[in-house]
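What follows is chain A paired twice: with chain B in the first complex and chain C in the second.
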Partner chain A sequence: MRMFLVALAATAMAIGGLATHADPETDRIAFQKYYTTKFPSVPRDDFQNGIYSIDKVSREEWMEIEEFPPYELAIDAGRDQFETPFANGKSYSDCFENDGAVRGQYPYWDAERKEVITLELAINECREANGEKPLKYQKGKIAELSAYMSFMSRGQKVNVVIPTDDPDALAAYARGKEFYYRKRGQLNFACIDCHGSGSGNRVRSEMLSPAYGHPTGWPVYRSKWGAIGTIHRRFGGCNRQVRAASFKPQGREYRELEFFLTYMSNGLEFNGPSARR
Partner chain B sequence: MLKKLISLPIAAAFLVSCASVSSNDDFNAAWEAADAKRKEAAAVGYEWRDTKKFLKKAKAEHEAGNTEAAMKLVAKAHEEAEDGIAQHAREAELWASRVLK
Partner chain C sequence: MIKKTSFFALLASFLMLLPGTYATVSADEAMVAKGKQVALDRRKGNCLACHMMDNGPLPGNQGPPLLAMKARFPDRAKLREQVANPLTFNPFSIMPPFGLHNIISDDEIDAIVEYLYTL
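Entry: the complex of A and B
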């Protein structure tokens, strides 16, 4: 009997372990199915519109805003920066092909460096490689450049690749996933609490958005910010909202979180920059 | 008698000065301990938002002579850091139960 119980416990632990460390593709399918089941009337492609895919009242407002989008100035400023040569005569187009329409290539796993490379990180690395100072990561010029490049890339599919034969890549993915599901801060909330089971609920006057489609529309012009900002700025804001200390923008934690979260939205289209409240 | 009268305030001043040194040492020790705990929480990614702010405010209160308020803030910061560390340990098991399946 004791042997049977031990075997049963071992099997249960093994199943539990498998569920925790399921392969990325199984995770992605389950993740997307959760939202398409929870919001059956939302066409799959519409999840890329974030909160506006499920909140009909806000959607009307948003569509009116989109007639004169507040992020247009950022796109223009980003284009100017992109086209202005560096002091060495080279420019961003020497780093980014196709006039900067490369949003669909990010984030990606760099096997040699053993780390996740995001678009904003690549922008700063391009600058540094050409003798320019790096930009601050949360807002301002980097968000404008990212807005221009995202605009040029609109319609590209989210297609993050997790090399399943690379243990380091899988470990980075697993850390990003764990970050998403871990509760933190004095309010004891995980990202998934608000944007999984909580999506569609209201916090005061605001409806909580579904996580499926979260990474497609960045950078975002937020009315609350009165400016355009990057996804890492939002990650930091979310952490602070639950009264946790935020992490460094473009530090390992947020890049791996972006890696996981963007992979979860594979198949949708990048449609940034966008406008949110 | 005169000697006694002179020595009394001196003794009192000495005692006040000792108490002040002791209270200063107590504050510094408590502050250092709380800050070390905060760093321990940060090392595992579980520092809470306001812990550092409480420690900074505690120093200001202490410098302004508000020892009681300063010590309360230090205790609060210490408690937050301990809670963050406990939360990290708890979540090592619990997070997996939230994964969408």
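Entry: the complex of A and C
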């Protein structure tokens, strides 16, 4: 345990501040600088393209795929859902302004409820408020709705706000950060091991992507899934591949993780949905 | 249940009783073969995920290439510890603690060390 804390402290110091004295803005600046220094030839805006920002070979393949994007069907299906009224006659546009182009407002800290609200959570809360059953969180209809809304929002800036005068918000941020730096699972990896110090290295033939830009392009159509999925589905997959238990999609842990990770990408643009291998 | 190592040991000693075969399959060789198999098995060592070694296919590059092990690791206990618990030498290591977290058994780690010394 002591060894773990030492490791956590040192890794945290290497890439931005200690979890116990959370100063999100100092963290964010150090975090982004780590990646821009490590990959000096990558234009800052390009980090939104995940692995393709640094892997020249797979980037070409990806650009070809983007000519006939595999997520297009999901956008169309999401638009249909968005425009179809609920049984009570209302529709998603009664919950989400601007034809659903609201991606840039999420995730946010709800000071009254004292929790992080993500886009997918808000979609289900809209349904329930209108007497509809909630959707499953990892794939299918919710990913399609999220794909449509993200598509409508393309180009909006990532601008997560952490009210520094609200200790509960800071605590939620600190927990999200701790999650990211904590080694876990039988294989003993932290997220930062693969997507920080390990980014640019290869596991077998697969290159590891930088964490900067990770949350901008969701939901993602992954060839491996053969479908579109949400970012919490990916969190679960990355937890399980180190033989750790995954957490509930849209449970507190993953929402706080998303809060931290998205804040770290402040300044980039939302560009979902995306295609990935 | 007969453990795999004792099975190999048994097999090896049995073969030693047979004149002729004894020279080709020694206990050491059986151990090396087993170490190699465990090291390459994706559900066990999966060492190739991070290390270039033995001309294995599609190696990763998270860790250094594993070669000239005898020259570089004359201290056997040290090499064994690197596999069993790399955190001893580097608390930030991303190499999985194969022994500490029971990812593979003690016998299998011994076999891997034997195999590493052939590289």
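Simple rule for what comes next: the second predicted complex is superposed on the first by the 256 of 277 C-alpha atoms of A that agree within 3 Å, B and C clash if a C-alpha of one lies under 4 Å from a C-alpha of the other, contacts with A are read in each partner's own complex, and residues count from 1 in each chain.
FYI, contacts are C-beta pairs under 8 Å (C-beta built on N, C-alpha and C of every residue); 3 or more make two chains touch, one makes a residue touch a chain.
Because the structure is predicted, anything quoted here is derived from the model rather than measured.
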item	value
Which superposed partner A:K177 touches (first chain B, second chain C, both, neither)	first
Residue contacts on chain A - larger count, chain B or chain C	B
Partner chain in contact with A:N88 - chain B first, chain C second, else both or neither	neither
Partner chain in contact with A:S223 - chain B first, chain C second, else both or neither	neither
Touched partner set for A:F247, first chain B, second chain C, both or neither	first
Partner chain in contact with A:Q186 - chain B first, chain C second, else both or neither	both
First, second, both or neither for A:N98, with chain B first and chain C second	neither
Touching partner for A:A30 - first (chain B), second (chain C), both, neither	first
Contact residues of chain A, present in both the chain B and the chain C interface	186, 188, 193
Chain C-facing residues of chain A, complex	3, 6-7, 10-11, 186-189, 193-194, 197-198, 201-205
Contacting residues of chain A [partner chain B, same complex]	16, 19-20, 22, 27, 30-31, 34, 177-178, 181-186, 188, 190, 192-193, 196, 239-240, 243-247, 253
Parts of chain B lying in touch with chain A, wherever the complex brings them together	42, 45-52, 80, 83, 87, 91, 94-96, 98-101
In the complex, chain C residues that touch chain A	48-50, 58-62, 87, 91-92, 94, 96-97, 101-103
